[in-house]
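Order of writing sets the labels: A, B, C and D. Residues in every chain begin at 1.
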Amino acid sequence: MIQVAIVGASGYTGVELLRLLINHPQVEITCVTSRQNAGSPISSVFPSLLGRSDLVFDPVDVELIASRAKVIFTALPHKAAMAVVPDLLKAGCKVVDLSADYRLKDAAVYEQWYQPHTSVDLLAEAAYGLPELYREQIQEARLVANPGCYPTSVALGLAPLVQGGLIDLSSLIIDSKSGTSGAGRSAKVGSLYCEVNEGFKAYGVASHRHTPEIEQTLGQLSGKPVSISFTPHLLPVNRGILSTCYATLTDKHATGELIELYQQHYRNEPFVRVHPEGELPNVAYVRGSNYCNIGLVSDSRTGRVIVVSVIDNLLKGAASQAVQNMNLMLGLEEGCGLQDLPLFP
Amino acid sequence: MIQVAIVGASGYTGVELLRLLINHPQVEITCVTSRQNAGSPISSVFPSLLGRSDLVFDPVDVELIASRAKVIFTALPHKAAMAVVPDLLKAGCKVVDLSADYRLKDAAVYEQWYQPHTSVDLLAEAAYGLPELYREQIQEARLVANPGCYPTSVALGLAPLVQGGLIDLSSLIIDSKSGTSGAGRSAKVGSLYCEVNEGFKAYGVASHRHTPEIEQTLGQLSGKPVSISFTPHLLPVNRGILSTCYATLTDKHATGELIELYQQHYRNEPFVRVHPEGELPNVAYVRGSNYCNIGLVSDSRTGRVIVVSVIDNLLKGAASQAVQNMNLMLGLEEGCGLQDLPLFP
Amino acid sequence: MIQVAIVGASGYTGVELLRLLINHPQVEITCVTSRQNAGSPISSVFPSLLGRSDLVFDPVDVELIASRAKVIFTALPHKAAMAVVPDLLKAGCKVVDLSADYRLKDAAVYEQWYQPHTSVDLLAEAAYGLPELYREQIQEARLVANPGCYPTSVALGLAPLVQGGLIDLSSLIIDSKSGTSGAGRSAKVGSLYCEVNEGFKAYGVASHRHTPEIEQTLGQLSGKPVSISFTPHLLPVNRGILSTCYATLTDKHATGELIELYQQHYRNEPFVRVHPEGELPNVAYVRGSNYCNIGLVSDSRTGRVIVVSVIDNLLKGAASQAVQNMNLMLGLEEGCGLQDLPLFP
Amino acid sequence: MIQVAIVGASGYTGVELLRLLINHPQVEITCVTSRQNAGSPISSVFPSLLGRSDLVFDPVDVELIASRAKVIFTALPHKAAMAVVPDLLKAGCKVVDLSADYRLKDAAVYEQWYQPHTSVDLLAEAAYGLPELYREQIQEARLVANPGCYPTSVALGLAPLVQGGLIDLSSLIIDSKSGTSGAGRSAKVGSLYCEVNEGFKAYGVASHRHTPEIEQTLGQLSGKPVSISFTPHLLPVNRGILSTCYATLTDKHATGELIELYQQHYRNEPFVRVHPEGELPNVAYVRGSNYCNIGLVSDSRTGRVIVVSVIDNLLKGAASQAVQNMNLMLGLEEGCGLQDLPLFP
């Protein structure tokens, strides 16, 4: 059994990592940390885990963590992550970082959208943890930057079109909708039940920090700079992201033709599922699983293609993708511990 | 008191018409019809109305209806509406039709998206019931075609830009999200609680019947043919539509400048509210009211403007807009009976 | 127009008072206070009110408030309320207090369930603001203690049985379920969307502070001390309380007989509606209104009666009942400004 | 691999059986039937299963089923189940029946609450499939009657008190709340999203068919006839049952003492979890799992104990309990294929 730690395990991503790793056949969780909950059993913070683990939250202490585990999941806010990751690597650990700190290759872009970067030297080394696009880099990485939730849904949804050169990149508009767990577990009025329930809104219009991350990936896939319109919305569900992507086709292609392209593109990918023509994804079809489901329609009236992709933001958008990355980094079977089918209804 | 009737009053639009008209100070409901519920008191079908009305559902009978009321709200499915509206007009009634049957001016377009039209001669006469754009026609109309819910949110959201010639019309993309009451009260698996709750999906992609209605209005406002991409989504809330509209600006305009334009444009409109810069609408801000709220952002990175507009689909998107139209047709104060503030939370 | 103030208007009860009073034909809001939001327009805190009021939050200042208004609604937490109410009364204002501070007649009981009472001398004078039971006292009161939400649903649900001596008082079990707005608008992890949505739990079992308030009212109605089992639960809806009350009948009575008794008992009450036999209330039937709906079943197998009563916790359970009390205190028509029909769906 | 069939697999229980059995390491699904969906791939009816199974729905044909599988799950409505179960047994299959048809030992009681029983001779033989209470009978059974969802939550919640003789059986009141998936996947107005969402109601008061099933089990545990008050409510969540049970203690016992008793009672049960004092269960703590969580409070003011138990109605209340029963019938490890942790949030 490989020993793993979760740093910052008291949020929604943390509890999902716990859920997945407790049942993972090849690893053993030996350390979990939480600033506010240090000293408490994890089952008192997450009663869903009652009886399944005797772990107690430790404070964040790099030496302690490194002495107990070989692979570390850092589920900290950005800025806090880059304060501990370099030391964890120095101590010989492999790290899957779920923050934004190592996702952007260009420190200047990071600093434009976030704040000063204090760990620039690791940016080149960090692998971007989207296995369907960067599997080989991940397999050899010490440090994996686990992608953002929105960027995962968009990159998988658009990769075949972008790599195939089928769309006008300047026409890209991405309208995304995320479940509320994406806002985290901290107490804010805007995340209260009565503020979210029976409500729906856009936020971060033309200013959301996942924009440069999406543009970086699509830029790498196309070999050209990409500039997108990206609008996130807050959805009154616990889990799920649905991204509706609009692009002008450079040539005419029927819906069936494009679906065939997608099915070919993803034929060896265990966690990407392409819907047949006439069927479109619903966030409910991936809930609780590591899947990304994709559907699309080619609109001959306007010459645009509309791609709809869905993931569970806490899983393929965070925790289960992190486990997929860990599996690759350790040479385990990529889907090990990730075979749960979606929970419907 | 003016006598009014509601034909097809057992759906969600019907109960909203009942709620508004029971409290309307200038009218009296004298007839309500329902095929399935004929003979039942309205309060047995809608216990929310218990003690507030002794009305009993009648079967649909044009003579009876016309003998009892002067203004008729027809809340029937398309096709069923045009089967009764001509006779109601012949009998001397004024009609606010909430179906799609008289919204499209061009019968050929109607027949392309719906089915054969059996009341073509009334199309020219029917006023399109969006008071903010067609107030004068409505005031003089015998027949008002009450707009679709999505088209209402889009037309109000885009009118200042389109009339001002500020956007490239070919760039228009509209990503809309509607609460589930828009799907009606008929028993379908797809509308079951467990299918909708904790789910989210696009539907009718590139094929929704509100597309030509939106294009007709924007075409009239711009004086040019307009072709849009329109994608509706099903939102797990009872009420509310939010439309996110994307368009390329023909010239640069800052967000504040465009908001100023909107505030000027709507300064005399009692039911359109424009949010100040930095604030965006939420469907929760209009729930239970006749308001349309609008916010926008100009994105200098991409040269696009993003407009977000929200309405309560059952009210400004259906029942309260119908009452606003009735008020105009009868020469009553336009906002009579429509002063309810939104219910939050 | 009578001038009124709302002290502590930035919570969910506050926004409901604002919504009701802005449209109330006999009063004018001249002062609203909020510690955290002092200086902000109310429409920036509650965008649902955009365009309907220019009021700006003031800090809490008794002199200022008393100089501006004749009737004061204090929507403060318990303890904070009794710190301002005595001075408001001294300044000649009438007060409707929505906190728990003046509800319990016996200071010792208050101190057992809450904390030391600092305004004991006003307890005898305060009228308990449940108009259906204490209308005359309210009409003559300077100070009305607006009832708790749970106690309102229970007292109205049980009054006919208790006053009629039809049940064994020692057998009373009350299982209540409340929407989440009852937990207020303060930022707490337990009130976050993801904690409440798709969840359901009991809380405060055998220890909730509304227990002695219910016992006091039932005790007054029966003339005997009453001790109940009361279990509140947190319901994943914004609004609504449903109380399921169980009691052993002292004699056999058929369901129809008891419903007849209830209909007689409440025949002159405009805001209590008794469902016919075979129909039971749903919180959705009273949403957005001042109604209490009641249904019941007599179970001959067990000799028990089961009474189900529902209210909107923010309205009949708080804000609209407070307005009903104000109307009585001012000699206005009791239902003035409270005629909204429930919003369904 | 043991071959299993699911008869009536197109409902919510059916899709959960599919989800569990596709991943079960010891069995292989060789036949699924559905009257309405015969001929369709299961992934077209349940897109959540896309890519994970090539099964196609067959019509219900006993010979076909028996030729393909050794263990049959019958997930049919009552009455339809007993029309096929006898033939399946005759054909040598083992059957886990998820309907109500074999749960009640006394055909007369069944006929009083349901309709005439056409398979009376099998009632004595059928084991009641609550492993925590009837493990040995299940291990030897050909036919297991999988318990109802409400009865499972109540029997596990009360067994220690009833077996220990600690409560007055005549005082038992059970107030239960169920998620909407319990109402099934058939298209009914009452199950529509807009009817259930933001609503809450009691139903089947004093007349729900699970009443005699609960009474039978508690009667067997106590050795005396038991008559209860049982009130189910419809909860606006997809999954989960919470039962709040009230009983008068025959002697005084502190909360901690009773919790100790429960922990002892269930110390060897892998799927029952007892919360420590001060913590109460939430349906969210068991979502997606086979767990039953129990918490309790002893109220010295009233002499009553309040027990709260929760399950996932589709799992421990149906599908996963059925798999647990299958495991026992086949001599497999009881928890095989049932190790999923609850999905939170």
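The criterion applied here is as follows: contacts are C-beta pairs under 8 Å (C-beta built on N, C-alpha and C of every residue); 3 or more make two chains touch, one makes a residue touch a chain.
Everything numeric in this text was worked out from a predicted model, so none of it was measured.
Fewest steps needed to get from chain B to chain D, stepping only to touching chains, is 1. Interface comparison, A-D versus C-D: the higher number of contacting C-beta pairs is recorded for C-D.
Rounded to whole angstrom units, the spacing between the C-alpha centres of chain A and chain C is 45.
Remark: chain A and chain D have CA centroids separated by 36 Å (rounded to whole angstrom). The centroid of the Cα atoms in chain C and the matching centroid in chain D are 38 Å apart.
Among all residues of chain B, those that touch two or more other chains are 12, 181, 194-195, 197-198, 236-239, 281-282, 284, 287, 345. By the touch criterion given at the top, residues 173, 175, 177, 194-195, 197-203, 205-206, 227-229, 231, 233, 235-240, 242, 244, 246, 280-284, 287, 297-299, 301-302, 304, 306, 308, 310, 345 of chain B touch chain A in their complex.
Residues 12, 15, 19, 22-23, 44, 46-52, 181, 198, 238-239, 273, 275, 279, 281-282, 284-289, 293, 339-345 of chain C are the ones touching chain B in the complex.
Across the complex, chain D meets chain B through its residues 12, 180-181, 185-189, 191-198, 236-238.
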